[in-house]
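Each in structure tokens, the structures are laid out below.
In the two complexes below, chain A is the common chain; its partner is chain B in one and chain C in the other.
And now, the complex of A and B:
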């Protein structure tokens, strides 16, 4: 992949606060994400991981600094274009309950990318096949298990043919026995060289799939490393403590 | 005068109600959808204006709106005056019903729509409105029962509705008790039918909801 190595997302000196400035999510935060990478973000609950990745497709606005995506600065005018290129998978799926599985997967391509219906259905079925749910195309989300719902959400993201996929704790709302089926798909996508930014605390996924792991605390990535270094030789005391609490129970 | 003659005479006026009510249902639905959707977007100035409208209407009796329109704005016909007055009045309530419905949709639906690159109006039309429609129908029906009842007011602007005919009839028969009894029964029947529709829908909605819960529970 010749284009790998290209910077896809860049945060430049970004500030983001809530609660009248009391809650710091990003503080003079800079970060660049390279095309083709799988970058995992972890951190304590409330550290601001969700807010950080939601800023990438303008679901949250920033107070200061800039976010540049594929050379375009994220702003009011560019936001819709950028959202078409950046897909997102949410913790609680957010499927459209009144639409069938296939409609969920084709709605974005048809309405937003203005794809032809047949084309969107064909690629939609292909992606549903890849997440193992082609035979549930006509089901309603309410008829699916949590793991199946999240797989549909991934197919919905893929059918947007995105340049980047954001995952916000995609397995946190799942019963334990369903975590594996979702992680396996994410591993497959990572191996394909898709660009992924993933908020997760799943160590198996981190070790197998991540190129980099970052730890968010006090508005900054206080540690960024490859998975082995991150888990085995973290530099910061608070990262060590976090790893002990979360992974070495 | 026989009872059935009286019924026939009064009922002639019900044509106005049957013309007015569907018009007001459609117009308040349009007003309510537009204002409810605008209010839900939470743009400061627009929201303030809509809130002002809704609050004002809550404190003003519909009869006052009707009279105010009748004496200030020349709307061409009594029917138009009644139609506009009832639209202004009930439109405020439908706005609140629509907004309440939109607020009840999980926030994640908006996030999901936005991250597909869709605009606000498209998300409203394809994601929110279809989801709230069934939920708000019972409440809407409750509002439309009030619309039906408020049509008893329109004779004050010269519309020859049931009440108009009733007054005429009383002038000849000197029998207000029977006349108003007939009117009461007529209105009751109309409202009862709407109520029936509402509870049917409510049952089917809550039935579906229960079914969804059962499915979730079974996971």
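And now, the complex of A and C:
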């Protein structure tokens, strides 16, 4: 963990627009994410949070500027290497429906990282154990609840031994009673000092687990602060309003 | 139909049945394989390759099978390729029906959930790996009912073999009629086809149940 505090992902003057330039997601956006931190991104629906984190593992391309991940600039040639180090957990799980739970968790390590099968299974079972689903290793995704699916998706991400995990609203598609089981695992990962960038509206999780919280609006982080400052003394009016709406109901 | 007429015709009927069953199985297998190859190559999304495959499928989906059969049956000897009629028939079926199978799978490929593809891409797999391990296996499972439907059409296709001098089930029925001017044989042949379809759809349903992906 001696690497903590170093820059993990750096956005340099990044532009990203949709709809022929009308929809601004990032506007001359520059920002550095720090290694070993849990960084939460919030903002209004449609602000571009998903697009921003999807750019980090090249599921979206940027229009201008550069993204540098552990010193490597994201581009056509480096894309595959970087994706092997940056795992992603999606809002709607996206487990592979034709594979068992264990196959889902070992697929990436075997096919992408070229790990030995036994090795991938051993670590896969270990991560399934950590998310409490070792006994469901042979089940198919369709047999699991939403919360269980997302826990498998987290185990799948962990088994890639990533340097960074991206979460895109991981609890938004879940029934309320299942949100807790997923957030608890994420808290555990955060406490381990893993590097995580999390898009979420779960403000109590943000308060507890975040090292930093940023608010995305009009293509920029208009506010970035530690949780206490972010919630109690936000500088921007629109952040205040947002917190009132989402957190204080 | 007297029993004497029937017993002299029975060997021809059985021969025809054998030809129809074997040609159907061969045609189904080769058409599915060819269709899978075409669909997978197209899924790689390499522009020139996709264009060629697109042209191929639209040509062969719109050319009558019998024309393709005649083309091969009369055309191959002209380039000194001496293939048995049955091979010409099966190749013709493969060329035509492979195009239909490819289109079925292509439709299923477009229906594969974008997120499931992204999950694989986000692990750093190449396009070919994603096609091979995720897109194609999911699409083929989704296409099974329609491919089975297309396979019944292939069984019916083989009746055209009678037009290129092969004694299949259809030709066997016609032979008897031509000899005695008695259409009972056509009835019998019709019933045998129906029996074949029933057996086939039973097998099909078992396959379908086995490969279905629950979501």
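To be clear about the criterion, the second predicted complex is superposed on the first by the 249 of 249 C-alpha atoms of A that agree within 3 Å, B and C clash if a C-alpha of one lies under 4 Å from a C-alpha of the other, contacts with A are read in each partner's own complex, and residues count from 1 in each chain.
Quick note on the criterion: a residue touches a chain if its C-beta (ideal position, glycine included) is under 8 Å from a C-beta of that chain, and two chains touch if they have at least 3 such contacts.
Keep in mind it's a predicted model, so treat the numbers as computed, not measured.
J.: Following the overlay on chain A, give me a clash-or-fit verdict for chain B and chain C.
T.: clash
J.: Going by the contact rule set out at the top, does A:146 touch chain B (first), chain C (second), both, or neither?
T.: A:146 contacts chain B only, not chain C.
J.: Using the superposition on chain A as set up above, list the residues of chain A that contact both chain B and chain C.
T.: Of chain A, residues 57, 59, 80-81, 83-84, 86-88, 90, 92, 94-98, 107-108, 111-113, 142-143, 160 contact chain B in one complex and chain C in the other.
J.: Where on chain A is chain B touching in the complex?
T.: Listed in rising order, the residues are 54, 57-59, 80-81, 83-84, 86-88, 90, 92-98, 107-108, 111-113, 142-143, 145-146, 156, 160, 175.
J.: Given the complex with chain A, which residues does chain B contribute to the contact?
T.: Checking each residue of chain B against chain A gives 106, 108-109, 111-112, 114-119, 122, 126-127, 130-131, 211-212, 215-216, 219.
J.: Give every residue of chain A touching chain C within the complex, in rising order.
T.: 57, 59, 80-84, 86-88, 90, 92, 94-98, 107-108, 111-113, 140-143, 160
J.: Which chain C residues qualify as touching chain A in the complex?
T.: Against chain A, chain C makes touches at 113, 115-116, 118-126, 129, 133-134, 137-138, 141, 213-215.
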